[in-house]
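We call the chains A, B and C, going by the order they appear; numbering starts again at 1 in every chain.
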Amino acid sequence: MTAETPVNTPNQLATEALDLRYGDRLVVGGLDLTLPGGAVTAIVGPNACGKSTLLRGLSRLLAPSAGTVTLDGSDIHRMPAKALALRMGLLPQQPVTPEAITVEALVRLGRYPHQRLLSPWSAADQQAVDEALERTGTASLRDQAVDRLSGGQRQRAWIALALAQDTELLLLDEPTTFLDLRHQLDVLDLVAELHAEAGRTVVMVLHDLGQAARYADHMVVLKDGRLAAAGAPADVLDAELVKSVFDVDCRVVPDPETGTPLVVPRSSAARRSAATA
Amino acid sequence: MSGVRTRVAVFAALGLLALFALLTVSLTTGEMRIPAGTALRALVGLGDGGDVLVVQQFRAPRAVAAIAGGAGLGVAGCVLQRLFRNPLASPDVMGVTGGASLGAVALIAAGASQTLIPLGALAGGLLSALLLGVFAWGSGLSVTRLVLTGLAVQAGLAAAVNLMIVRFPAELAGSALQWTTGSVYGRTWTEVWGAGGALLVALAAALVLHRRLAVLDLGDDSAGALGLNTATARLQLLVLAVVLASLAASLAGPVTFVALAVPHVVRFLTGPPTAVSLALAGLTGAVLLLASDLVVQHLLPIEGLPVGAVTATLGAPWLLVLMFRQSSPVQRTHA
Amino acid sequence: MTATQRGAPPTGVPFRAFRHIPLLLTGLAALTLCTALSLALGARSVPLPTVVDALFGDAHGRDALVVTGLRLPRTVIGLVVGAALGVAGAVAQAITRNPLASPTTLGINAGASFAVVVAIFALKLNDPVEYVWFAFAGAAAAALFAQALARRAGDIDPVRLALGGTVLQLVLLSWTSAVMLLNQRTLDEARFWLAGSLAGRPLDTLWPVLPTLLLGIVVALAVAPALNALALGDDSAQSLGVPVARIRLAGGIAVVLLAGSAVAVAGPVAFIGLAAPHLVRPLLGADHRLLLPGCLIAGPLLLLSADVLGRMVLRPSELEVGIVTAFLGAPLLALLARKVAR
């Protein structure tokens, strides 16, 4: 499964026999996974398959009950929290926006791992914030309250926070939820741009298989907390996989725009006759 | 932003001005009127010996106690309300008020000397926080559990205070009740140096730790991803708030209203919370408590009213008016 | 295949009160036992047969006098006040949709306390019977003021209600202390009433508030079905055709009538209103058509047990019931914290 993934690129996240639990409930079990450095990886799977939990495990927010998560070979749960935060940023699925905070104040918090207890706000900090605002197209909104922005603008402000953190690795948990098509594409284009220009490693949980195939170099498919498939989207995504993981009869055709695989569900009549057959 | 900055600057300037004016008034007025210039000179030990004695030994410590106590309560309230994401959080919720009251009232009952009572209050406040920690530990310091447990600790301690007040002889009940309503009457330099100095350190710590508070505001996941150990940070800030409130209570008694109201007033007037607004909360608390104490001393026809009653009376209309002018903090969904 | 992801389907039985009849009967039995204990126990314990004889007028002497003259009024008042507080708590939690709300949140106890202390100070009253109307008026005024503060666009905003109620409570409590400190006599009279007690009140204390109590119970039971809809959230309730604002207003009035009458008779007694609904919910469920009758039993059960306990711990002296409930309520809240935060 992982035969063709490059092994020694920097910023490579890997898990070994990873078990993640909430209380007694095993959500992710026995996961062996390598996420190539310098690539965009999409994690997909049906609802409640453990996608978001895996992302929390990869980012140290959830301690594994067994197994390890390593970044370039060192166990992230043994790294100091700030040291890891200098290498890896995370955008949670539904981030908590502090009351009445402005866009710039929000983005400035991204500099937290770069600051010591008593160090003042530095020129480098301000530069990183300005760049992050510029990149995400939120510079003109810097004095506005985040909770008054539209969904798409708010999401970009949060991405700007993660950018100000200035990390090589970026984890995004369903960055397109609650956005309309236009804003979904804006966010994904921004991610692609970040990857293309700065060579950032991106790991994101996505819902839409077509978008995942379009924007990701590498795809991880989960089912019931276990690995169902991993590899380049073109190699992984086929009708058989969609049927076994999502329980949906479909055809996989080349995307007329990009040539990447596109999942087209069969008509309901066809699905019904397939079910009775 | 520039609008907010101007407002913050104006607010800070007015606050400092008010504080200085109130301080001057508190040094000059009393049974013996001393002109402002003479009083300020007497403060640094110049001039008539009698003036120096009155200003240095009686008026100054009382004023400083009110300023330090008010500042401590204002900042403690700010920290707690943000930490708990709850507009009602105050030292009450942590059981600090109840603990401080119980400590002080127990010493009053034991007939301890006036100077020991603040120590009793401090010990009681810290003890209640320890109690809270013991009960609420083990859940990664979940906010809901802390609030509920704090209310429980407070209820139990308040019941104990109430029991004492009911059981005491009337004379003792009076002084116990007086203390639990808050008062800076009869503070001496010994207490003010001790508690005030510790308060200053704690206030500085609050400003330093403000960055962690701001990161915690982003929720546990984002804060964790930024490299903040959320449980440790929350514990540090909690301990800090408890220490602030206990020290303030040892100086001024458990004046509940300051910690509840000041954060709201500052937020309504200067916008989203920052390190500067934390400092402003301290300033506002100091002004409110000092002003209330002046009202108690000089403007009321009746002697010996507790400062807590005046604080609430002066502060409540403000808070309610601000509450009304504010467009609803929680937008109702059905319009 | 996806069946495992769905919850258990609702069985769709609308109202199954009969299922709970054994439980309600057990509650009533416990309440009867408690009533008997309350009549029998105290500084001077009376054997149960003598209690029964005394109640039917067949016994005479000191024991009988204690039962009919002191314990009977006390027990009856305990039953009524407990029931009122229990139901008021359940309704208060429903209309604010907040499991921590209780009549105290609305400023009822603080309002009553302030009014009574002022009456003691200014009018030189010294008998709980004379306090009744002042207490009720104070409680009602405070609660209505708190609700008026929280009104917005014809409805009550729960966040404003909590904040405004707390501010009002703090102000009133500080005024109460201030008035008490004005003179020694006021302090001496008021501190016992403020602790909350069932003792030393003849049945005459109860009669004046009986109409408001009954009206409160009727209103509360009448809005019970609508309170269920309120629990779904304002939007869902509205779309089910429930007039949310009017129901919340009616519920608020019921709380004022019930808790105001209770505090008028017994003084501020904390925690019964908070605890009764939490005790009943795990047993009977969250349906207000069952919850309210359940609280009608659980409230007096709690109050009478606390009162009996208060008589037993310090014999021959006794502890005011308000202090007992506060001491017992504290661990209850701590337990609640564990449950809620899980």
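A few comments on the model shown:
By our rule, a residue touches a chain if its C-beta (ideal position, glycine included) is under 8 Å from a C-beta of that chain, and two chains touch if they have at least 3 such contacts.
All values derive from a computational prediction rather than experimental measurement.
Most remote chain with respect to subunit B, judged by CA-atom centres, is A. Here the chain at the heart of the structure, going by C-alpha means, is B.
If each chain is reduced to the centroid of its CA atoms, subunit B and subunit C end up 33 Å from each other.
Chain centres here are Cα means. That of subunit A falls 52 Å from that of subunit C.
Spacing of subunit A relative to subunit B, judged by their CA centroids, is 45 angstrom.
Among the residues of subunit B, those touching two or more other chains are numbered 329.
Taken residue by residue, subunit C touches two or more other chains at no position, since every residue touches fewer. Among the residues of subunit A, none is found touching two or more other chains. Contact residues on subunit B toward subunit A in their complex (touch as defined above): 1, 208, 211, 214-215, 217-222, 224-229, 267, 271-274, 329. Remark: subunit B residues 87-88, 135-136, 139, 142, 144-145, 147-149, 151-153, 155-156, 158-160, 162-163, 165-166, 170-171, 173-174, 177-178, 180-181, 256-257, 260-261, 302, 304-306, 308-309, 311-313, 316, 319-320, 323, 328-330, 332-334 touch subunit C in the complex.
Across the interface of their complex, subunit B is touched by residues 100, 149, 152-153, 155, 157, 159-160, 162-164, 166-168, 170-171, 174-175, 177-178, 180-182, 184, 187-188, 191-192, 194-195, 234-235, 238, 270-271, 319-320, 322-323, 326-327, 329-334, 336-338, 340-341 of subunit C.
On the side of subunit A, the complex with subunit B involves touching residues 56, 59-61, 80-86, 88-92, 95-96, 98-102, 104-105, 109-110, 112-113, 115, 117-118, 142-143, 145, 161, 165, 171.
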